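Multiple structures are listed underneath, in structure tokens.
Common to both upcoming complexes is subunit A, partnered first by subunit B, then by subunit C.
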Partner chain A sequence: MESVSNLFSTGTLSQILVGLSRTTILFIVSSGMSLILGVLRIPNVAHGSLYMIGAFAAWSVIQLLGGGLFAFLAAMIVAPLIVAAVGFVLERGFFSYLYEREHLMLLLLTFSFALILGDLVKIVWGPEYRSVTVPAFFQGSAEIFGLPLPWYNLFLLVVGPCIAAFLWLVINKTDLGKMARAAAVDGEMVGAVGINVGWIFAFTFVLGSFLAGLGGALIAPMVNISLGMDHSLIMETFLIVIIGGLGNMWGALLGSLIFGLTQSLGILVWPQFGIAFPYLAVVAVLVVRPRGLLSSTW
Partner chain B sequence: MRRWRAPFALFVVMAALVALPHVVPRFHAYVAAIVLLTALLATSLNLAIGYTGIYQFGHAVFYGVGAYGTALTLTRTGMPAPVAFLVGPLAAAVLSLAMGMICIRLSKLYFGMLQISLGSLVWAVVYRWYSFTGGDDGIHGVPVPDAISSPKASYYFTLAVTALCVFAMHRIVRSPFGKVIQGIRDNPVRAAAIGVDVKRHQLAVLVIAGFFGGVAGSLFVVVENSVFPDMMFWTFSLEVLIMCLLGGMYSFFGPFVGASAIVLLRVFASVHTQYWGLILGTILTLVIIFLPDGVLGVVTRRPRAKGEPDA
Partner chain C sequence: MRRFVPFLAVAVTLFCMAGQSVAGDTIKVGFVDTYTGPATTFTNDVLDGFKMAAEKINAKGGVLGKKITWVTRDDKFKPDIGLTMAKELILKENVDLLVGTINSATALAVSDLAKKEKIPFFVTFSKSDKITGEKGHRYVFGMNENTEMAGRATAKALSKKKYVKYWIAGDDYEYGHAIANGVFNHLKTLNPKVQLLGQSWWKVGESDFTPYITQILAAKPDFVIVATGGGGMVNFQKAAQSTGFNRKVPFYQHTAIELSTLMPQGKNAPEGVYGTANYLFYYPNTKENKAFVEEFRKAYNRYPKSGALYGYMTAQFIAESFRKAGKIDREKFIDAMEGMKLASPVGGMEMRSCDHQVTLPMFFGVTKKSAQHDFLIAGEVVSVPGKEYMPSCAETTKGRAK
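Coming up: the complex of A and B.
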């Protein structure tokens, strides 16, 4: 079993760290989905499209500003804001009228948005691959326990916890966050005490979209930005949200960790089908805890 | 007069379908065959979603597994063709049972989300397993038996099998079992209270739906002589769901109509534009906002057939 002995080689740690940095992006995207799922009860298939728009928008902003660290950092802020604006239009224009519909209809509606947004991206950015180069500031590698880890991956490892802390603050310490949590439990009651639930929902959807866009912008330097990058991500996000517990933010974090780690270790053990390991982990978790690891808001 | 209306309509439709390949050009007969098998696929999905209320979001996987099962048996083993046409649907039914047993403990949306993501694992495995499934190229030039390989013969074979399967599903829906599953859809708690084993019935429906989905996949091999992984991609699963919604999920022939509409639209749209997603998405958005009961739902209005007692 040479493949298993791979697990204990020196490459394992750096593989885990690289895996963790990818987990960061999974977490950012799936926490957005979890938020929307928990408060608005929308299984948003278009979430992946928002992520894709985030990546393309980041590319455009960097092109516009001519590269460099400043352009890169600006893109990390502007691209998610563009995506948040798209989310605002979707929520106010469509979803706000349809919250009473059953989940099946909402899911299909978000799927139709995914189809439309996918083609709009094709119209705006064209079918070619785009790529963003990592700014000079992040090029090269850091030495972690004698092993090289690209600076950009290290940057992601720092960004992830920051986002988690930011979300925790917004959800637990601001009035808006508290109202959103209350609306997740009983929207009608929240409305009855005089809070404008519609705007809470809009805020939540926009925040969730922002997170999708941020995930897309952050992954832009690591992958080829292409049409269809939304398709694989959305299934991973679904699984993460399911194992974590629908609508639970910390569940999204835990789910991303499980998903990212089993994936990167799985690829070491069995390169061709490493992708299957996270799924096996998900099935194992669900056999033990059918409703996800942490409590769901549902 | 009235009671003869439905059989008469059926007779006219069947006669038209039988005459079709003699009347229209070859390409249209090919499209008609695709319409028929896709309609079979949508009708099988509707057993789960429309009749039992199970959120079957990953149905295309069973279609794909049926197609791959048949195609692989035909290309890689020396087994006779009839065996191959059983292997596909049976493989789909077995997979459906296995996935169902994992997902069935979760309710509604949870079930659907897990099923569609597990389905994407099946897709990923097929997509990457070059040595066995041909990876993203799929399998081309599947040796279909001579008797059904000509365009006309494959059309008639598809027509015959589709008619048989749709008839079988119609019988299932009208049987006592069919009444029970509709009871489960309308109120699972009450159904359990009068002694129905809800989970077992749901699993049975999943297996049946998976089987007929697999039959549709096998027919695809006959018509197209090839298979490729995209036919089990999750976006196609949702497209089949759209067909059910478009035609109306609470009528037996609704999905048939919806599938025909979408397939024809896709064929004719692909001639003029590459933005199929934009078209389908727009139609779907309009249907969801304005016609939640589907196109046939507007015509029939009522979810149950005339003369039946209240469910």
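Coming up: the complex of A and C.
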């Protein structure tokens, strides 16, 4: 270890904030996956592809509207809606026919969609790298004890809790949310009382897809939008959902926090092996609580 | 006997088809490279550069009365597929020569096959120094720079600067480590005063560099060697721009000044980033380079990148060597290729006979805004001649003997 004492330096605060902004993206994407996993019981491998489509769609919207803050904000709404529409087609057109089959079939189908969507993105947007600039409003960075914290990361810190609050409202305060929760526990019973479970499933899948698209749109200004960005994310998302507790939204939040913070603080302690820390945390969690931190709906 | 007739017919047809391609009046070049996925940003330029040169040669009557033709195979960035495709090109397509690939592992596998089949293989984008270094042989040719060469050229340019405390950061895979070690180890020999303050390594495909950047800033190095490749190039530059990293600490990335890195970012790429590249369409500002750029833009409606130069020169070297050999004979072709000197858009190039590595200049520069373009370009460009940064023949021979 280079120095554990780094954890008590002035850099710690900015590192925590940077870690939390990373958490926001992870939470948005993994909460969508967790939702689908909890209600529909689909381990959606194509979730990363939806995230990638979100990023590419955001690029297209911004290009179309000619850039600027308005174009950026419009992209943050339109891109996830496009992805939600893709999700709707996937669920109604394909997944809805397979719910009676075993999970392995569904898993294979999502895997094939991960490949198909990846190639579709290549056909639609081409293999070149795409890049979205941070709107002028969010450019530059704030200084925290002399270390920079980009305004865009601060923006993400505001977005994260908003999304969490929104999801809480949808799931706990709306009829649809309540029905979805009920369907997660016992779909047959929900069907028996006269509720159309199929449409609840569709709604959940669309909401989950919307979240994946939003994650992709939000990360677009920070990265190189390229083919393959789905692969790097899907692994982390699965791990987060597993350590949080399958299908548990708050577990996804907890898992994202663990992932984001162990990474940014790990870098402070031992930059050469910073990548290892989130995975070590995953191992530690699974040793102590093999079924995840919070109760699983499975 | 009845059942035997159709079989015979098929066999005869196949035999005739095979015969045709052997006796055809062409020089057939087989490309095995990655033509799907993000790598196409680089590989399409190689192919287009090659086509442009070959079409011009063919229009003038070809080589020894034969036209240069080409077939392509997609290796999907996978060594096993690449090797299968290369075998197919040799056995079914009867290619005279092989060209490719961007994946170093594939290049090494195909190189091994080329050695066994005695087919010359031109490597046109792989950066592993093993290809013409310790794993080099009579049938493989390196047409671009490798990590060792990039490292030495950069070390040479950096040794003239006054930085002492260095930090290394990069993508945690072979290319990243090879570039970083290449630069720092040679820098240490040229300027023993430099010291390594620390290192950060992130996974390939990392999307958020901010936590790494704030940590490096807290450590206060004088200069940072950033060893990213592919998509990581732009990702890191974006993070540098939004954190103001480039204004606080100078840093270097191999290919930071290349079009493939700077163009997608438009005017928002970070300024003051040091980088190296084998080719810049605006430097050197010579008649030859301008003519090359104009021709390429006319044909493909875009600026040529490094790959275009590699592909273009590969075709030139192939044509000239066959001309010099006087007939289509692979062994004579290789003898003719060794030591061949040709003019290129960036100045003279030489195919070294000791290791079959082409000698070409490396440009070291720093990113800056440009009035003529809506993307950043390189300023303060220094040209490091090939002879000054390539490992000597003695070193390569020693490496191969191991």
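Please note the rule applied: the second predicted complex is superposed on the first by the 288 of 298 C-alpha atoms of A that agree within 3 Å, B and C clash if a C-alpha of one lies under 4 Å from a C-alpha of the other, contacts with A are read in each partner's own complex, and residues count from 1 in each chain.
We take it that contacts are C-beta pairs under 8 Å (C-beta built on N, C-alpha and C of every residue); 3 or more make two chains touch, one makes a residue touch a chain.
A quick note: this is a predicted structure, and the numbers were derived from the prediction, not measured.
In the superposed model, A:Ser264 makes contact with subunit C only, not with subunit B.
Looking at the shared chain after the overlay, A:Phe273 reaches both subunit B and subunit C. Looking at the shared chain after the overlay, A:Ser131 reaches subunit C, while subunit B stays out of its contact range. Within the superposed three-chain model, A:Ser21 lies in touch with subunit C and out of touch with subunit B [touch as defined at top]. Of the two partner chains placed around the shared chain by superposition, subunit B is the only one that A:Phe113 touches, whereas subunit C remains out of contact. Once the two complexes are overlaid on the shared chain, A:Leu239 sits against subunit B while remaining clear of subunit C.
Using the contact criterion defined above for the overlaid structures, shared-chain residue A:Leu104 touches subunit B, although it does not reach subunit C.
Residue contacts after overlaying the shared chain place A:Asp186 against neither subunit B nor subunit C. Legend: residue contacts after superposition of the two complexes on their common chain; A:Phe94 is shown touching subunit B, with no touch to subunit C. Residues 122, 231-232, 272-273, 275 of subunit A lie at the contact with subunit B in one complex and at the contact with subunit C in the other.
Residues 2, 6, 9-11, 14-15, 18-19, 21-22, 25, 122, 127-131, 133-134, 139-141, 147-150, 152-153, 219, 221-224, 226-229, 231-233, 263-264, 267-268, 271-275 of subunit A touch subunit C in their complex.
On subunit A, the positions that touch subunit B within their shared complex are 43, 45, 94, 97-98, 101, 103-105, 107-109, 111-116, 118-120, 122-123, 231-232, 235-236, 238-239, 241-242, 246, 272-273, 275-276, 279, 282-283, 286-287, 290-291.
Within the complex, the subunit B residues that touch subunit A are 49, 55, 57, 102, 105-106, 108-110, 112-114, 116-118, 120-121, 124-125, 128-129, 233-235, 238, 241-242, 245, 274-278, 280-282, 284-285, 288-289, 292. Interface residues of subunit C facing subunit A in the complex, by the touch rule stated above, are 36-41, 169, 172, 198-208, 210-218, 231-235, 238-239, 242-245, 248, 260, 264-266, 268.
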